[in-house]
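These are the structures in question, set out in turn.
Two complexes follow with chain A in common, the first pairing it with chain B and the second with chain C.
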Partner chain A sequence: MSKVSELHHTGLIGRQPEPDEASIRAKISHMEEGFATVWLITPAAIWLILFLVIPLVSIVIFSFWENTAQGLKPAFSLEFYGEYFYTKGFFDPEADRFLLPSVFIRTLGATIYFTLVTMALCLAVGYPIAYFLAMQVQAFKWQLALFLLCMVPFWTSYLIRAVAWLPMLGRRGLINQALLGMGIVDKPVSFLFYSEFGYTLALVQIYVVLGIGPMFFSLAKIDKAILEAATDMGATPFQIFREIIGPMSLPGVAIGMIFIFVMIMGEFATAVVVYGGKTSTAGTVILNYYGIANYPFAAVNALMLMLAMVIGIIVILRVVDIRKEL
Partner chain B sequence: MARWTPERRRKLRVKAGFSIYYVIFLLFIYGPMFAMFILSFQGRRGGTSFPMRGYSLYWWNKLLEPSTVGDMQGAMGRSIILALMVMVITALFSTMLAMAFRKSFWFSNVLFYTILTGLMVPGVLLSLGMAILLRQLGLSPAWYSSGLAVHVIWALPFGYLVMMAVFNRFDARLEEAARDMGADEWTVFKEITLPLIIPGVVAAGLFGFTLSYDEFARTTLLAGAENTLPLDINASMTQRIRPTLFALGTASTLFSLLMISVFLGIYTILYRRSR
Partner chain C sequence: MTEIKSSRKTGGAFSKISRRKFMGTAAGVAAAGSITGFPNIVQAADPIRTIGLGVSVINEIQSKASKDLGFSIRGQALGYGALFGKTLNQNDQYEVSECYFDMFDVMVPSKVFQPIDTKRIKDWDKVSNLTKTGMLTPGSQIGQGDAPFRKLWVDASGNPTKGPSRYISAVPGWHNADSLGYNPDDTGRPIDSWAELFSSDFKGRVALINVPQIGAMDAAMGVEALGLIKFGDKGNMTRKEIDFLVDFLTKKKKEGHFRAFWETFGQSVNLMVSGEVVLQSMWSPAVTAVNAEGVPCIYASPKEGMRGWHGALAISAKASGKKLDQAYDYVNWWLDGWAGAFVARQGYYMSTTANTKKSLPADEWDFWYEGKPAAKELPDPFGSPLIAKGAVRDGGSYEQRFKKIAVWNSIMSENDYLVKRWTEFLTA
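After this line comes the complex of A and B, so read on.
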């Protein structure tokens, strides 16, 4: 501080105190090391701005535009937001739609509900697998091999994995044949495919591997010595899980759940394949309105989906700071 | 030889239980695909479910001969070219980004979250935003332009996270040593950094390739006149499902598996060398 007061001020900002020699050298050498940051990030940053930021911002903008016969017209119209939220007779106690949210909100609600159910199932199915790989398999080589075996389906087409359920769950599928053969039912049941059941099952099968990865990594990071110490001090397996393994694997669980959450919220292809288009998800609604060239309304639907997702992610992030976990 | 204490017995029982569960889990995630593989060899008169009515390559042949609906081979070719482009760009960008993130810079947080946004944004949203935007600009989408653009957005976060993990465990002293001996930046990169990180670069490329090759949602509105393979598969699903689709699914999955093993093979070789 003493150095600053010695300086004679010149100009608006004033002459700045000169840094000492060592810090200059440190800074210069730091700057010189490696390639210049600007060049490293510029290409990717431009790509991200052009093809991620601008399209997302334009969804917001287009949601306010008017849809005319000549195409979209710049405007600030809340017409499509009204259409999204408003239900005729919502406030009229006499109407049969009294306090019934609009079909779009209900679709979004159903999508969220399905997503939560699937997330819970993925957690229930996937966590024991991650636990088994991280805690029960001793040799690292085996750990890696068994883990990769679980991850392989992630790198294959989920459309094909969805359609592969047909021979299992279809009306003449294996499960129906088994049920008929065992005499449990006397005619094929149809609730397996093209149904909530089939849809949920297919979603769990497709997305569970996404959750296993992060859960496995955070479980594998736990120092086994801590667990041994706890055992030596007389902790029961349940106590060890509740006090140590559970809390320490929470970040992995949160990250895995975020992955599954964002995937299923935007899901529409599996719904069409496995559910036979009998249902709408938030994603299919968006595509339908795009298909009939009602772009602003598609944009409103997309925004609401995005909003729901951001809220969901924030809720999950309250549990864990992702950046700390990397 | 360890004694068969009750404690040891209990542990073994738990382990056996988990192992059985793991096998059931594998059946759950692979079972339907195996059923599909088998059914693709369905006899000529057979349908899309068991029992098999003889075995034949009839449906596989149908896959190869030019069909009236779409052109499978063309779609597959386009998907592979697109996947290769995405692979190269993803590997390049994620390496560059991860190198930049070794130093702190003033908007690193913004950039970090923007990259991860690519992972969080549902494909249908990105597809929609791009499609409306292109329409307003009077541009027409194509798999090699707009398709490529959003595929990279999707694959980049995966490659980036891989490379971040690689540089987290990177020993910067090796580079220091080279610099102290007078090597310039390019030499340091070429001789020291790259050989050490190349397995990670390959892994980032694997994500780029497979994620693009299988991507459907992000291409729906952006592929333009010509289909990629997932779009073609989806189109054939909306018609009556026949065993041809199973043959196609099997072929596509086998191709994915082949690519994964190629990448893993390269990875293993490079990883051994970089030690």
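After this line comes the complex of A and C, so read on.
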């Protein structure tokens, strides 16, 4: 094993050299010791089957059930799928809902919109931070210290991080007090909190760290010698970024974006705490129907959300081939 | 949504209850309505199982019952949605469901409970008329919606009957009435009508509860008080009425009338304490909690009446033999007084008021039920100080509150439509 790993890490950072025949054979012979492998995989497999596969399958099954006055009834009904996609009057040019997608599709659309906006902002804010940590801070000690500093918010619960915006942005918050004190406004401004502005700000603050981590690691992996070589060859900083740093950090960007995408698509609590519940997300819709024990429709909503997330991840992976880049 | 009915909160510092409350609230925010369970840890061979909200399923209550009755009772506290689902879909998983009359439009026709024989309820004659006739005292206003007396009476096979019968769907228990809370310094005037919810004076400083079934009723009280529409039954609106209401709310939302929509007890307290909101739908224990933070807050007694809710003890259709007898024992125990006194200290009323009075010291009875100033410092259910000497409970006496219930918490026939339109309203 030690020989294998040695061989794998002798190459330059970036693309690895093709492993030679001996190392492949070493790897294969190791894998043939199947007994240990099975035992190593079993706990994870059981865990995944119990807590991922079975629940997922039951969500799919539930989504076809009927919700009658006598409770849930096993059936194969497409009623709730129809409910999800179709609004009465959609095909009727006279109706005021003509060609207006159903509220559930619109809610999912709004969720995707907020997710994309937040992802863009997280990239804009997170990438420079990751770049600074990886490229500008020379000592490893300081890199680590500053990186941990970025993680400090994670030491408190998610809820605290969301709620903590109130003393900052609220009507009696710090910013309003400053504005009032300086005489810029004569009564507190309210667009800061329980607003789209506050919501976006909080989402970026809560999730940007998930992007910084992967971006930092892929930036830090870039061999400085390549950059020096490029400089020696007369490349401008912009060229270096475009030709080397940018492409080589793409996998980190993609992984970070996937993290953020998945988290915000399933988001519902921030909308309640920071936006004051003034919007619906796909997550809150699921909760609403769970709350009235309409499990089939909650399941349909959950599946549609999952479908949107899978499509989003596929799109991201299409843009960046993580396997190839790593 | 856990706290819909678990709206107990307290001025006291870190008593057991406020800790549990805090955890419940935090979980409620995080899960915004999913399960917050505190399974009771009374374990013994073959206990009977009871499920409910954190209002009635509290370690102390089930432990005391186990001790008094000599058999083991295992309680499971759930969120509202989970309680609803489990009561409906898994009646082999409990002997007793400590549920709410607004669920009964679903539970009674689906026969998940067995009819309870009032002859086996020892204190049946002591249960007040609030749930038997809808009138706590002669001449009280009968509320709209799923009033307990409309859901109570059934025949021997569990089908609803028009009037009194030997059999009932469930035994009436703890209850309360909710209305509006406001900060008098900010409103500048007393609030005595639900119509104020939409007054342009408070534009951008108003909050509504974000539970479609309840929020819609609070809003309907306001719209009706404004004279814009007369609802046939606010507890069972037609599609047309729902459309009218949601269109009105959407217009108001687009004007920026609402500051927020809250989902948990803790959020409603925060909105008031932080000064974000001056007027909102509120539960009475939340008003106490705001006052405990030093922020003035008054629990309004709107002239149109309050919105009531009522808990009940139902026995699963699957319970039989010894388990059934024990379930009856447990239900009877609830009416006996000790439990009534316990929930009184959280601000809830009990259907057997006379028994509660016997179990409560006079000072506490006067404060909680009569609306009189506290003669001395009063404790919460766990013995920690809760009410300062001289404090007065908002909303007046028990009788004042309950002789004028405008509407009871309800699940409408058009519930699915309501939830859909409510989602549209929030997305608008």
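As a convention for this text, the second predicted complex is superposed on the first by the 283 of 326 C-alpha atoms of A that agree within 3 Å, B and C clash if a C-alpha of one lies under 4 Å from a C-alpha of the other, contacts with A are read in each partner's own complex, and residues count from 1 in each chain.
We adopt the following convention: a contact is a pair of C-beta atoms (placed from the backbone, for glycine too) under 8 Å apart; a residue touches a chain by one contact, two chains touch by 3 or more.
Nothing here was measured: the structure is a model prediction, and the numbers come from that model.
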item	value
Clash or fit (per the criteria above) of chain B with chain C on chain A	clash
Per-residue touch tally on chain A - higher for chain B or for chain C	B
First, second, both or neither for A:Asn294, with chain B first and chain C second	second
Touched partner set for A:Gly170, first chain B, second chain C, both or neither	both
Touched partner set for A:Leu305, first chain B, second chain C, both or neither	first
Chain B versus chain C as contact partner of A:Trp47, first or second or both or neither	first
Contacts of A:Arg106 with chain B and chain C, given as first, second, both or neither	second
First (chain B), second (chain C), both or neither touched by A:Val273	both
Chain B versus chain C as contact partner of A:Gln136, first or second or both or neither	first
Chain C clash site on chain B (candidates 27-35, 63-71 or 117-125)	63-71
On chain A, positions contacted by chain B and by chain C	72, 158-159, 163, 166, 170, 172, 268-269, 272-273, 287, 290, 295
Sites on chain B touched by chain A in the complex	14-15, 18-19, 21-22, 25-26, 28-33, 35-36, 39, 47-50, 93, 96-97, 99-100, 102-103, 105, 111-112, 114-126, 128-133, 135-136, 149-150, 152-153, 156, 161, 164-165, 168, 175, 179, 185, 189, 206, 210-211, 213-214, 216-217, 220-221, 230, 233-234, 237-238, 241, 245-246, 249, 252-253, 256-257, 259-260, 264
Residue numbers on chain A that touch chain B, as the complex places them	30, 33-35, 37, 40-41, 43-45, 47-48, 50-56, 58-59, 62, 72, 125, 128-129, 131-132, 136, 146, 148-150, 152-153, 155-161, 163-168, 170, 172-174, 177, 205, 208-209, 258-259, 262-263, 265-269, 272-273, 283, 286-287, 290, 295, 298-299, 302, 305-306, 309, 313, 322-323, 326
Footprint of chain C on chain A - complex, ascending	69-72, 103-104, 106-107, 110, 158-159, 163, 166, 170-172, 190, 193-194, 268-269, 272-273, 276-280, 284-285, 287-295, 297
Complex contact set, residues of chain C against chain A	1, 26, 29-34, 80-81, 84-85, 88-89, 106, 109-112, 204, 207, 210-213, 253, 258-263, 267, 270, 274-276, 411, 415-416, 419-420, 422-424, 426-427
